[in-house]
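Structures follow.
You will see two complexes here that share chain A, one where it goes with chain B and one where it goes with chain C.
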Partner chain A sequence: MSDEALPRSLEHPLPSGMRDLLPEEAAERRSLSRRVLDVAALHGYALVTLPAFEFSEVLERGLGTLAPADVLRFIEPESGEVAAFRPDMTPQIARVVATRLRDRPPPVRLAYEGTVLRRRSGRARKHRQIPQVGVELAGVAGPEGDLELLGLAAATLRAAGLARFTIDLGGAGVVRALLAGRPEAEQRALSEALARKDETEVDDPTLRALLALHGGRDALVEGARLLARTPAAGAASALLSLFDAAVARGLGDCLQADLGEVRGFAYYTGAIFHAYAPGTSDAALSGGRYDELLSRFGAPMPAAGLALDLDRVLEARRAAGVSEPGPRRLVVVGPADDPRVAALRAQGVCAVAVSGRAEARVYARAWGFTEVQDRLDPDATLQPA
Partner chain B sequence: MLTIALPKGRVLRAVAPLLARAGADAQVLLADDRSLVREMPQAGLRFLLLKPDDVPTYVDYGAADLGVCGRDVLLERPTDLYQPLDLGIGRCRMIVAGVVGRAAPVGVPRVATKYPRCAADYFARRGVQAEIVHVQGSVELAPLVGLSDLIVDLVETGATLAQNGLEEREEVARISSVLVANRAAYKLRQDRVGPFIEALRPPRPPESPGDPGARAGAGA
Partner chain C sequence: MSDEALPRSLEHPLPSGMRDLLPEEAAERRSLSRRVLDVAALHGYALVTLPAFEFSEVLERGLGTLAPADVLRFIEPESGEVAAFRPDMTPQIARVVATRLRDRPPPVRLAYEGTVLRRRSGRARKHRQIPQVGVELAGVAGPEGDLELLGLAAATLRAAGLARFTIDLGGAGVVRALLAGRPEAEQRALSEALARKDETEVDDPTLRALLALHGGRDALVEGARLLARTPAAGAASALLSLFDAAVARGLGDCLQADLGEVRGFAYYTGAIFHAYAPGTSDAALSGGRYDELLSRFGAPMPAAGLALDLDRVLEARRAAGVSEPGPRRLVVVGPADDPRVAALRAQGVCAVAVSGRAEARVYARAWGFTEVQDRLDPDATLQPA
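This part shows the complex of A and B:
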């Protein structure tokens, strides 16, 4: 027993918001991201791997829904330039599409996996690393692309093991049309108030009416009627058509709508969607259309995408009681060169040799092995101690 | 079951009658015991009694579905929460005050406040460099004993200011209590959250006749 005054972990602290995943958690998250990427791959989305940080001037050109204060920056010693840890991988994809994949014919279907880093200036969670898996679809405009992504959103959440989730669909086009012509500062203030659903800050009756227009298809029908004689008439009926088309593709039981949802207003140009599941405090998946993003990188092209926050998906899975049985993992009682070990590995089964029986059982339990194989007889297995 | 985070103290007394309209038992809410959780199983409601500044944190993390907090709290530490309803209670103003008759100093004024971020933002917006001194309470004392030249604080009637020989100089913000909602709860539990919010909604003020469509057609 140790007689140290402090637990050992306190001797080597981590910066606020950073954390490790121990084997069980890491295995769970890895298995989740693999399921999601497998679904994306089945839909033709090819995996790309992107760097952890980039020059801030390039990365922040495509800063989406995040405020500049959310970005962690430092001086990159080699160049003396300001670099930023990626707070979002979409601008990186935009850069890749606009530069290195420029010569390939659209549509571009890319998937990515990685951790983004954000400073949060508000409440707790000061710095946060968010593990994401996402996809981007460039070169397919309007409802065709939106439907592909909505379908993919539902497919990935189902593959993640979630039976119950809600995809909340909104559209930036409605509010954009209603705010057009107002001074930029006013547009920002109003869209922020709408994003908070703070009706006291919204003086315009049409905009304020949007705050009550959420729920099922009825809300969109009502919205189309209310907005029929406004500049937003086209956007409102387009959203209703998108909703109907998504229902026709089998998303009816998880889809709801919110005409007043403008989170990320400055970034999104069309559909905006967020998926929520019981047990999470915020969206487990977010996505939408940002047709102006790629032009910021010199390759104008319609684009849309979505990203899953793996931590939130895991929270939702735990809340729903989803657990998947892990693979078979064996401890073989025997010498390191025990032929049974090699045979098991050849069959794709995890196997480790431990010389003593008692030690094998202790080891198996500590490290999450499923079985201990003691005798030469392959059927004579024991449960870990 | 809906979980609602409430601030202990003055606002709790003002909000209890409103919550009664939504099915809460005001006597249980205001009962003078030390319990931090007040359950009303028949009404499907549970209330958490918290320090005002902690309300948005509980709601943000989803430990509470809804909460009641002052705009001062949200201004000082912004959050991403929905704020679907101004409750029209806890009204007061955030102001800059100084000692009666004493002119503002030349150069960089020192400002004592419980709201360092609001104060710093306010002076920065006006192009005034100010030294912000963060204090936790008894803010009115600071200019009287030379800790600061000015204060930024909340006033309801101005009586406390007058008692201490202080006067209002400028208004920083108008404050009232708002209902905040967790995003996931708002989206996933609209069948419970929606009617609860509507029950708390104050009768419509008469000064906005020009928006007949404003609340028409609440979604399914």
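This part shows the complex of A and C:
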């Protein structure tokens, strides 16, 4: 078949937003997800594994009505019901907590790994696969649960090899209290304007002032003063207390505050946090408190969680020049059943045999092997490059 | 909301064939997949990560026309093309080898992990999620490649903790040579009858005789004699040679032969193998040679592969009483910021704090913690149960 005859799907062989990870990238991502899950396990979070799609009804119960353009849905043939690829794993966790785990005593500490599928939010609204590792903590209310998650957020980012990152702390209650009573459409328009940090679209001077209130503790003190006589007073002072408690737990180095933070607004009910590192195009980690979610599944319980976007964390690692030395991988110049190959593997060293010396070096270079061991001089190893 | 008002999808909350893994099972499966991928890595197989669905055209190019009832398909909204959940990852690997990896020198050694979605083959043809770890070896022809994969099959099953298993070796060429020249419908009917080991439906005495030819080397010697003057003579003697070479490589303990083996017949072109262990309801591992697959993607190359069905391997482990001691996991009786918790985690030990002694024991038992450490007597640890 000539190249011209190749069908379109072989030229552009993957559905929009899907991608393959080739060996180098796949190894890097797997190693990262292993580190993050290991940290979560140290903190008592147990892995659960969830299916890649669910009945739409389950996801909508957690996320609110899914905008048809934002989620990939299809008719599940056996039930005739609408299923959707998960755009978020939290509703799935809520379902599991409310059903199969409902008899276990709280707090429920679960970890998960998987890919979610979302539309990009830019002009070209294409799907994007987002590989995540996350945790959910159900049954621990207020600041104590928030502090556990903030600590875990910092621990996972450090385990990922990032030395420099910031965690921006906000509170969903602040903006919500200020918007309460306005018509829903107005609430939505204002929160979108706040998300864009677009002052011109914000009519209320107090809301507009929030846009400047980000930075260190001072911003929160200023916010508490500004909001003292507003319905957001309680939320603002709770946020200041949480900030101080997090600093007392050793998070002062990375913690920032952002009173105008509204991302995830519809979802979160309390603390909201996003972590950034130099070189990331978006938050490497996001989380917050959603105390109303589990009641929608019939198991009312306070809950909070966080998820790392592994691709963003890998971007940050690259930007920071973090590189993990991979394991030794040897090409042995010799026949397929060369006994040195079995001996190396028995020692836990990756080894393959290639029959010619020149071929061995080409093979090693192309496939990321670290050494070539020649048959003639078994003690000498050559660098493949 | 009363329980009666729960919608159907919460009572039976998952699409057919989907399931959640709760902590115990998720940990067990993840540990198994890690072991298998570690063995593959020792043998030079590099991980690639592939999307859960593809354009149907790519899968059909690899697998032949997909029976609409056997695959879950949907219209991918952005392209308007038909996409399908992969029922098999091999066509995806073939696509990657033929496109993004086409400039790397063979042999191509790739490993993968993921879930495939197939209809059950029983009367109730429901979907079933099958979690797999597999490898593909492209660019090594005939016995040398087959031996590499047979060795890897045994190594992965041993690494999974199975001491007793058999690998049944067959050859797609034997039955194919005997059926050649018959109309396609007849070929299909006969190979289905052979798959069911149903003598009554097999009109040809030579084919019928194959049904008895399974067991040790003797069965292959007998087969070579029986088939000596048939078009299958070459395939039968090649299979005997492969068997002997595999025994010479140390596989004599687990190797069996099955001349009437036809599963995967439409797909495989040479050696076929299936591994079984006591307690498994189906093959724990399957593999074989498919030398024609890569040419369908424009990159003609001999190729072979194998995949483990992780659920079947876990069944076999349970039947064999294989249990892996999990890591130490401690519940400390104390406040959330108890310094012992941080100290334990710093030593790599999982720890959480629970404030009351009785609650700590209940929590430990429910969530699989191994020890409870009381505040009053820090040196004494109690068993949770």
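The criterion applied here is as follows: the second predicted complex is superposed on the first by the 358 of 385 C-alpha atoms of A that agree within 3 Å, B and C clash if a C-alpha of one lies under 4 Å from a C-alpha of the other, contacts with A are read in each partner's own complex, and residues count from 1 in each chain.
Everything below uses one rule, namely that contacts are C-beta pairs under 8 Å (C-beta built on N, C-alpha and C of every residue); 3 or more make two chains touch, one makes a residue touch a chain.
Quick caveat, the model's predicted, so the values are computed rather than measured.
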Between chain B and chain C, more extensive residue contact with chain A: C
Partner chain in contact with A:75 - chain B first, chain C second, else both or neither: second
First (chain B), second (chain C), both or neither touched by A:278: first
First, second, both or neither for A:200, with chain B first and chain C second: first
First, second, both or neither for A:352, with chain B first and chain C second: second
Touch list for chain B against partner chain A, complex: 56-57, 60-62, 77-86, 178, 181-184, 186-188, 190, 210-211, 213-220
In the complex, chain C residues that touch chain A: 1, 3, 6-7, 9-10, 13-16, 18-23, 25-27, 29-30, 41-44, 46-55, 57-58, 61, 72, 74-79, 81, 83, 92, 95-96, 99-101, 104-105, 109-110, 115, 126-127, 129, 144, 147-148, 249, 297-298, 327, 329, 336-337, 345, 348-352, 359, 362-363, 366-369
Chain A to chain B touching residues, read off their complex: 121-124, 166, 168, 196-200, 205-206, 208-209, 211-219, 222-223, 226, 256-258, 274, 276-278, 280-283
